[in-house]
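Both complexes below contain chain A, partnered by chain B and then by chain C.
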Partner chain A sequence: MHELLLFASVPAHQHHELLQQLAGLTAMQPRHRLERRVIYKAYRKPGLINTRVGASQDLQGHDMQRLNKMLNGGMFYTQVVGPVSEADFGAQSPSEDPDAPMSGTDAEEGSGNHLYNYENQPWKLEFRDIPEAGTRSAVTSRLMASASLPKGDISTPMNAWGYSYVTEYAVEGDAFILNDIVIFLHRVLHYPTEQESHAPRRQLPPFQQMSPLERTGSYVLQASITVQDGGNQEMMRTASQHLFGLREQLKSAVRLEQADRLSLDTRAK
Partner chain B sequence: MSAPKQDQLKTLEQSRQRLVQLTHSLASLITSLNQSDPLPPWNSLQSQASIISKNLLSVSDHLSDNRELLTSLVAYPGPEYPSRTQANTLEQLLRTKLDPRVDDWVARGRKAGASALEDKGTLSEADLAELWDWAPVEANEEARQRNWGGNFTLEEREAGVQNVVTGLRRVLEDEGDESSEEEEGEEDEMEVVGVRRQSTGAGFEFDIAPASAHQKPVEPVVPLDGILRYMTTGVSPGNR
Partner chain C sequence: MSENFSLPLRPLVEKPERPDSLPVEIAQINAQYGSFRDVTEESLRAKIEADKNKDPWSEEDDGEKELSDEDTAERLDQLYKKRAAITQFALQAHMETSFALDFISLLLSKNTPVQAEMSMSPYLKQVAPLGSLNAEVIHPPPKTEAAVNDTKSVARGWRLQNFNSAANKLLDSATRLESAVESETKYWNEVLAVKAKGWKVCRLPRERQALGVQYGFLEATPMFRDRGLAALRRTNDGSLLLDKGLIPLKARTVRVRVKSHGQLTGCSKRRPTTEDADSTESRILQARDTVYEEELFHELVREARILGSQGVTTRQNLVRFPVSEEQEVLLDLVDDGHELLADDEPTSHEHDPVADALAHSVRILLAYAHRQNLRRRTQPPPPLSPKRRQTPEYQLLRPVMAYLQHSSHVRWLESLLNDVNQVLKSAGLTSDFTCTPFSSLNFKRFNSSVPKVEALVQEFLLPYESTFSGKLVCPQSSFRTKVRTNVVTPPFGTHYDISVNVPQYPEIRPPNRIGLQDEAAWVLTHFVLLDILTAICQVKATGDKKKEGLLTWQAAYPHDGELMAVSSTGQCRKMKVSLSRHELTVDVYAIREIDAFRRPAATKTSTIRSHTWKLGDAAGQPSLEDFVAEVSKP
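Here is the complex of A and B:
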């Protein structure tokens, strides 16, 4: 699948107004979305044969080279996304959960009796390629794929596939749908304490303690169209025309534009 | 019948060249419309259109200048013409009636021309020019009669502001004529009023300050690229 994107930066003071403008444009109420996102990075598993070591280069066959390329070739950052609700923040984990570590340290102000059970947290793996280079059109387009993951702990399967935990953040925002365009007005929230953790949090801190990545509280507006068959030029052209149409409609409010390709670089170096 | 003279041949050659130019510029317009995505900018379209109209004009000038010659010319095949191999061209040359497609175009063109001439309902050129001469001056004078700024006109204020139907949900403030505040200033003002109404008692002065500070437009510190980069790879924007 392919994804066509346009982005815009929205200052905090414009956020409320833009929400209303978008609600008017799309004729729908905003759908509030809260997600926790975990970034994983592919790493070279120790024990894989390093072809450049030793003097045995001439012995290595063509097949071996190809295998190595497949195993070590594309190394990417990938994201695991889990939807949460605002009530999940600051909620205690169920006490009967044997995996809950030291509950009660930072979850004393849990909201009522709502419980956040990490073992039931659904996850989705979202892979995004680096945006295509050298396209003449003025939209960001990239290869994408998503897959549902088993609920609960994702560290183990991700590690088994050769991905290591990088960091975790939350995304808060509102989504709109306009024909085939998904409009997502969102911002990144940090967790309060930057503890040295190597796995996703099992408990979420109270929502008030989350701090925006952008100190002024600005938002990012993202308009995207997903195209099932990226090889279909006609389809891709229609989709980008639709995005340009939206850009024209929102021209007086925000400037939607192509993102810097390297800022969306998911290749792990 | 006599063979065409040298200058007559030259005229024919000229008409051929002008027609070739015209088809070239038409073809280039068509390809630029078909191939460029998004559409070419308006100024390039404009310049192409003006080139085409110049070409059309020169063709039509040329044709009408040499009308006498061109209407009297007759084509006929010479004995040495390779009619076997060039049968198609020969047929085209010997045709006296227009191609049906071309015939349609001509009919359409004539109809458009006729309807354009019949268009009597609109203003004539002179009337339009007069209107455009008159309008800016008059609009300017009308504008000068008023002191701009504020939410209501003098007439409205005299008739009583509360009677004016603004169609707005929020209440417009009626300020003096002298205040020519910007929109932003007014919005701040509105917000402060709201705060004052909500908070009762002595706390209100304290409440105003953060409210107006919050309302002030603050440009984002972290550029969009930085945010996207963080979202993709977890590299915080300060570390680059």
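Here is the complex of A and C:
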């Protein structure tokens, strides 16, 4: 699948107004989204690279070439996305030891009896390639793929697949749907203390303690459209036409534009 | 500033103190019309008439008319002539200006020769030397008092005239402005009134300077969604005009009629006409209702087309579906103001409530479909692919049809069981059944993710199920019937699932999923018959002392309802029981011989006794038990 994107930066003071405008444009109420995102980095397991061990000639067939390509191909960062609700922030986990002092009182006051169960957290793996280079079109387009993952602890399967934990952040925002376009007005939130950890958090801090990545509190407006078959030139053109149409419609409010290609580089060096 | 402040625009006209003296006027008349001797009453009247009839523009009009009558060639000729004249005028004007320029240049060449030379024509340069013309200011002789006064009064007259015309123009524009302001105020007040009622007022997308009101439904099919917008135009007097473009103004409604046995027996109510039909509000409401009704009918027809296999037929402006064998429902789109034709008049109003209920339900279902559309629209879309998503047909007719079909089947089964029960009761047998119609509807399983209204409608989109359960004559036997109707997913139609518990005949099972009423009726009565046979046998088997010595009946051919009894003397009797919805008959025959297979020799039978219990028989007849005891005496 391919994804076509346009971005705009929205200052904090314009946020409310833009929400109203988008609600009017798309004729729907915003769908609030809160996601925790975990970034993983692919690494090569030692000892697996060298495939030219055997002297046997017939092994160098098609399968071998494919395997070589897979093993020696580029390595990418990839992220795992899990939807959460605001009540999950600061909530206690159900099996938590009552003696543990970790933000316990805060959570009880803030969220009543709501519990956040990490074992039931659904996850989705999202792979995004580096945007295509040299396209003459004025939209960012990149290869993408998403897959559902098992619920609960995600580190074990990810480690088994050759990914190591890098960091974790959260995204909060509102999504709108306009025909085929998903408009996502969001901002990135950081967790309060960057603890040295090698796995995603099992418990979320209170939402008030999350700090926006952008100090001014500004938002990012992302308009995206996915295309089933990136090789279908006509579909790609239609999709970018739709995005340009949206850009024209929003021209008086925000300026949607292509993102810098290298800032969306997901390759792991 | 005081509001009453007014500025006089017209110049003050001083009335001359004395009108012109008579001699002056006489002199004027003499000069204008000639001697008084020629003036007679007739000539004056004729002149007044002529003045009256004369149209100040008539001459020009005539000219134009002639012009239009002339043929093209002449007009072309005239055009050339006019053009030549224009050119000539232009040339002449040019010549005169160049003369004037030459003259001024020559005059100035005395003082500033270099500059003046530049604007002189070459011919003049040749003919006249520079500086050969001079000008001096001379003092004209002082004008006479009279001439000065003349000039003054002429100037004054001109000025007065100009002031007057300027004042007229200003006052005219003031009145025009005033009426414009008035009509604009009226228009905007009405627009604000529309907005205050909660309608969405916006600019028209194609006509940016015009206002429009949106009354349509956002989730409707695009064709009808786009029609839900009308321009709010201002008429000359400022009142609001709802401009719907090319869409006809007539209000239309979907009408539901019920036809039983070929006669119209019910018709849905027409929309009540509002008292204030001309107000903007009611016109908007009417437009909204009409667009809803038209969409409803459009969707009904669309759905009816895929339901052809279930007996739904469509005509150009009619959807018809059968409910039961003798009843059908007609849906059509009619103009609101339209009078019923003679053959459209329902013969009775028996089914009016049904028709009304149907009309309401299809509308509710369309509103539900709109909500579903909104839900679908606000979900993250699937990836763009060449295959377009198709909107499925809304479920409007199907739930309604299913409901009607189902309730008709349930009522039929209930009446069948009631009849059988009555027959059995008159024969002194007890049986009982309970009916739970629409047992599948469960309004308690609302989940919170769906709004209550939607959950309520959702219940009616599932297949319907009703259950009947009851006891048969024998205490151990019971039956249970499920009636299921499904028109959304195959298998379509209504099915009966009958399960019975007759311990005497454990190997006999009713067929699964019976589709026909007759078949279901047959199966049910057959089991009741089997049960009666069992009961008769059991009476003998468990017979008390009083009944000792009586014959013992055994089921010989239970499926034919035949029982046999052999007495100790070798006498043989046969009993045949037959049960239908209307009656229970018991015939007893005496048989003399029995062959090796215990089959009575059919030819040698003779009826001893017979009794029939009919539906609706009064009590007081001998019960079946008594009858059997009677015939069992050896």
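Everything that follows uses one rule, which is that the second predicted complex is superposed on the first by the 233 of 269 C-alpha atoms of A that agree within 3 Å, B and C clash if a C-alpha of one lies under 4 Å from a C-alpha of the other, contacts with A are read in each partner's own complex, and residues count from 1 in each chain.
Everything below uses one rule, namely that a residue touches a chain if its C-beta (ideal position, glycine included) is under 8 Å from a C-beta of that chain, and two chains touch if they have at least 3 such contacts.
Because the structure is a prediction, the values reported are computed rather than measured.
> Sharing chain A, do chain B and chain C clash or fit in the superposition?
These partners fit in the superposed model.
> Tell me the contact category for A:E214 with respect to chain B and chain C: first, second, both or neither.
In the superposition, A:E214 touches chain B alone.
> For A:A27, is the partner it touches chain B (first), chain C (second), both, or none of the two (neither)?
Touch partner of A:A27: chain C, not chain B.
> Contact-wise, after the overlay, does A:T167 reach chain B, chain C, both or neither (first, second, both, neither)?
Touch status of A:T167: first partner only.
> Considering only touches as defined above, state whether A:Q228 meets chain B (first), chain C (second), both or neither.
second
> Comparing chain B against chain C, which has contacts with more of the residues in chain A?
Touching more residues of chain A than the other partner does is B.
> Take the Cα centre of chain A as the vertex and report the angle out to the centres of chain B and chain C, nearest 10 degrees.
50
> I'd like to know which partner A:F244 touches here: chain B for first, chain C for second, both or neither.
A:F244 contacts chain B only, not chain C.
> Contact-wise, after the overlay, does A:I39 reach chain B, chain C, both or neither (first, second, both, neither)?
A:I39 contacts chain B only, not chain C.
> Check the residue A:V81 against both partner chains and state whether it touches chain B (first), chain C (second), both, or neither.
In the superposition, A:V81 touches no partner, neither chain B nor chain C.
> Once both structures are aligned on chain A, how many angstrom separate the closest C-alpha atoms of chain B and chain C?
Closest C-alpha pair between chain B and chain C: 7 Å.
> Considering each complex separately, which residues of chain A are in contact with chain B in the first and with chain C in the second?
none
> Residues of chain C touching chain A in their complex?
Within the complex, chain C touches chain A at residues 218, 374, 377-381, 383-386.
> Within the complex, which stretch of chain A touches chain B?
Chain A reaches chain B through residues 7-9, 11-14, 37, 39, 41, 77, 79, 128, 136-138, 166-167, 169, 171, 188, 213-216, 218, 220, 237, 241, 244, 259-260, 263-266.
> In the complex of these two chains, what residues of chain A are touching chain C?
Result: residues 1, 27-28, 31, 175, 177, 179-182, 225-229, 232, 234-235, 238-239 of chain A touch chain C.
> Applying the document's contact rule, which stretches of chain B touch chain A when the two form their complex?
Its residues touching chain A are 37-38, 215-234, 236-237.
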